[in-house]
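Common to both upcoming complexes is chain A, partnered first by chain B, then by chain C.
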Partner chain A sequence: MSSPRILVVGGGPAGLSAACDLAEAGANVVLVEEEGFLGGTPKKLHYSLIAPDLKPVQEVLDPLVRRVEQSGVEVMLNSEVASFKGSGDGFHVEVRRKGGPLESHVFDSVIAATGFAHWDPHKKYEYGYGVYPDVLDFKDFERMLSEDNLRRPSNGETPKRIAWLLCVGSRDKQVGKFYCCRMGCVVSIKQAMEVRQKHPEIDTYVYYMDIRTYGFWEDKVYWRSMEEFNVKFVRGRIGSINRGEDGRLVAMAEDTILQRPTEVPFDMLVLATGMEASRGTVEFAKLAGLELEEHGFIKPLQSDSLPVHTTVEGIFVAGTATGPKAIPDSVSEGSAAAMKALNFARRKAVAERQQTR
Partner chain B sequence: MPIHEKNLVDKNRLLVKEEAKLDGLDVSGQWSTFIEQRILGDYSTDVLDAVASTPAGKTIVNCWQCGTCTAGCCMHTDFGLREFNPRYFIYLAQKGAEDELKKYAPVIWRCVTCNKCVERCPKGVRVEEVVHSIEGYMRSKGWMGDTPASRWDEAFVKNTLQTGVLDELALTRSYVSREKLAEFNNRFMLRMALKLVRTGRIRTGPLRHRVKGWEKVRGVAKEILEGGGDG
Partner chain C sequence: MVVEALSVLRNLPARKKEEQAEPSILLGGSRDLGLDTLKLAQDIYDQFTADPRYKEYVLGCLNCGECTTGCPAARFYDFSPREMLQVAMSNDPLVLLNAMHEKIWACCQCYTCNMRCRFGNDIAGIISVMRELAVKNGLDSAKEVLRPYTRILLKVMTGGTQVSPDMIQPDFFVDWGPDAVSKASDLKTLRKAIPIDVLQVTDSAWEVSMQTSLELFQIYQESGVIDIVRAVDPDLVEMITDIVDEWREEFEEMKEKYGVR
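Showing the complex of A and B:
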């Protein structure tokens, strides 16, 4: 019996995990990634430390990338799926490397690990993103931290006081995003800890409605941020950002516990921007005929008991392509989808052999 | 025990006695002040049920108390009326804390209908309408009488019902004379009226706009307004 041929689309944590598990199990794997490197969004956007253990992103993802490179996966970087057709003998797929010719492949099964994108905070104009240079979003601030270059974009000075605003582009009917981003709380608090670790002189405030640091993130991140790093929490959502004196930002909020309006100056504001399905996820779903669920992510066949099956037989899905989640969950789903894809390919091969006999 | 910082305690809850005796012992003077308990003994669904059943108040159930509305509320911040806190009104209504809600009768009508709260609320609460509905509930309970705002609303509806289109000038005139607003004296009104009429921005009196076939619609509109409670 020849090896099953399996396509993995997307080289983030989920896709990497799926690809190397499949290769180690003896499958012929092609991994298609549109960027020029592996590692997904955390690498693309230069994340800094990864929660909950505050390890640098390289330490978390590079071993996974190396395993893929050493396990015989055919990695196609700068590549995209140009056409996709399912039929009785498998999935006929054309892949195009940037500037190159079309390459035709046939696969027995497919895994979509096409990931997420950051929500664009320009749409929440009252927070002044794009107007006030010191209002940053997650990707801006992660990059700043990873480059160890914590300065106010407006004047190059080290900030004295930074605020975070949770749930920007999440849990908000005004922008049509009804779901929780699952990462915003833990990442904001992690960022505040990182700031306090490197610059104990900077004062940090997190504006929240609720803190959602479920599971072990509670004590490892939330409690630790208060108890060890003295990160402060204000219960209230900022209504708008104004320009204050000497170019500082003024956060107009209600402190709902004090029950009074607050207009507190900050040197920087970080918006905890939510997660949405990446453009690549939506495009691949369309190409392959996968249904999307109501929030715009790929719809699992059953969200409770079949989370890595899609609505198309033989195509599986892993990671943030089905909704917000963390790296370990994405990695686990990659392995789960690998198992399902392998089984599907094997069953198909057995059925074919019985037919030809 | 002597009570320090009495200014921090709600005035209504301070009981001062001329003479006080505890177990036969005279404790007048410094020792004669007591603070009434403010334990909330129960929740009630009365206010919420009433408000949620009005067309204006039905989105009250969406509110999760984030405070975005109050953070931008003109009355609360710009006018500095701290007691006017739409988030808090909604909370009191949700929990049925009537005793506390009652205290806000003097301010709850002060909304200027700027609708910033509605624009920003992440949960789609029609905050401005909900606050009006809570106010309507309070009035129905007899906790507050009519207010300049409710009289304005009344005059507004009455005026609009005439032809289906508002005659702003007539409305302002009747309201101003009834409320005796000194700022809007005859000279001021005349100048404003002339300017508006001349620039064609307002049509008043016999020239006012009318909705075609309004006579028929008026009956229906009246019925809805009367049946729909506070609007």
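Showing the complex of A and C:
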């Protein structure tokens, strides 16, 4: 009995976890990644520390990458799935390496780990992203932190006061993003802790309408940020950003506990940009005929009991392709999808053997 | 008195449907509000929630405060659109009545709150529904707020839908600066300087025929507008009726004279 051939699309936390589990279980795995490196969005956007243990992203993801490289997975970087056809004997897939010819493969099962993208905050013009250089989003600020280069883009000075605004491009009917991004709270608070750890002289304020640091993040991140790092929380959202006289940003917000509108100057504002399905997720779903759910992510066959099955038999899904998720959740889903994909391929092989007998 | 006593209720959570008829302040036993107030509050509350716009405008609230952030009235008055939405959602007739006495009149209906609201509520819209009810039910606050507009209503309801230059006078607009006052002092000359045909008079914007005025009045009467205005300003209605009656007589005489039926 030959080893099952399985395709993993996407080399982020979920795809890496699926690929190395499959390879270790004896499958022939091809991992297709559109970027020139493994690690997915956390690596691409230069994330800094990862909550709740505040570990650098390399420490979290590099062991996974190493396992993939050592376990005999065929990694195809700078590659995209160009065509996709399912038939009785498997999935016929053509992969194009950037600038290269098409390569044809046949797979017994497929895992989509095509991931998410950060929402573009330009669309919420009242927050001034793209207008005021000191208004940043998650990807800008994570990069700044990981490069240890905390300066105001406008004048290169170290900021004295930084504000975070949660739920930008999530929980907002106006921009069509009705769902919670799950990560905005914890990442913002983590960033504030990181700032306070390196620069205790900087004041940090988080503007929120709800803090959703679910599970253990409550005490390990939210409470700790107040107890150990003196991060301040303001219950109310910034509605608009104006330029102050001295070139600072003026955040207009209602403090809903004091029940009055406020205007507070800041040197920097970080927008907690939400998650949406990545271009790769939408395009792969279209190629493979996968249904999308109402928020634009890939629809699981049953969101409660079959979370890694898709609406197409033999194609499985893991990670943020089905909705906002943290790195550990993506890693576990990768393993879960690996198990399902392997079982599907094995059952198929058994059925084929019985037919030919 | 009632107003002050009730302001503490503002942030109480919504109660269950069955309890609605019994306002929380009575449950607390702290004060007897009098049956009239309770009945009025309940009446207005019933009209409010039965209005088809209520379901459409009030969806829910995350209490994020973005509406209040952009609100020009909130910067100057003890007013917040978020609070008004909470009032609309409060299920408490007395809380609603309390807000209708004063707070709803601070809104300038700029609809910035609607533009900002991430939940899709029509906050300025629900405030205008509350205002309508304040007028319909003849609340004192509505009478007081609409007093400066008597002159405008008189003009509009007798002379067709028009605002004439002489209605805009410094006495009614206490917030005018000296510049605006001096500019308004010689309206006649200013009016004559306008090159387009505006009749170049100050007491009318355009001429409305007597027949149109009479037909308009009939529309106001049959659509209930007159009743609404009567609730807040009976004197004004009397004045308008007198003018229109006079016109009607004149109109009938004209018809007779020229043999029109």
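The criterion applied here is as follows: the second predicted complex is superposed on the first by the 357 of 357 C-alpha atoms of A that agree within 3 Å, B and C clash if a C-alpha of one lies under 4 Å from a C-alpha of the other, contacts with A are read in each partner's own complex, and residues count from 1 in each chain.
We adopt the following convention: a contact is a pair of C-beta atoms (placed from the backbone, for glycine too) under 8 Å apart; a residue touches a chain by one contact, two chains touch by 3 or more.
Everything numeric here is computed off the predicted structure, so don't read it as measured data.
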Query: For the three-chain model obtained by superposing on chain A, do chain B and chain C clash or fit?
result: clash
Message: Just to be sure I read the superposition right, which of the two partners does A:334 touch: chain B = first, chain C = second, or both, or neither?
response: neither
- request: Identify the partner contact of A:240: answer first if only chain B is touched, second if only chain C is, both if each is, neither if none is.
  value: both
Task: Kindly list the residues of chain A that each of chain B and chain C touches, one partner per complex.
output: 126, 167, 171-174, 209, 236-240, 252-256, 259-261
Contact set on chain B toward chain A in their complex: 64-72, 76-77, 82, 85, 87-88, 116, 119-124
In the complex, chain A residues that touch chain B: 126, 167, 171-174, 209, 235-240, 252-256, 259-261, 263
- prompt: How about chain A: which of its residues touch chain C in the complex?
  reply: 126, 167, 171-174, 209-210, 236-240, 252-256, 259-261
Message: Going by the contact rule set out above, which residues of chain C touch chain A in the complex?
response: 62-71, 74-75, 80, 82-83, 116-120
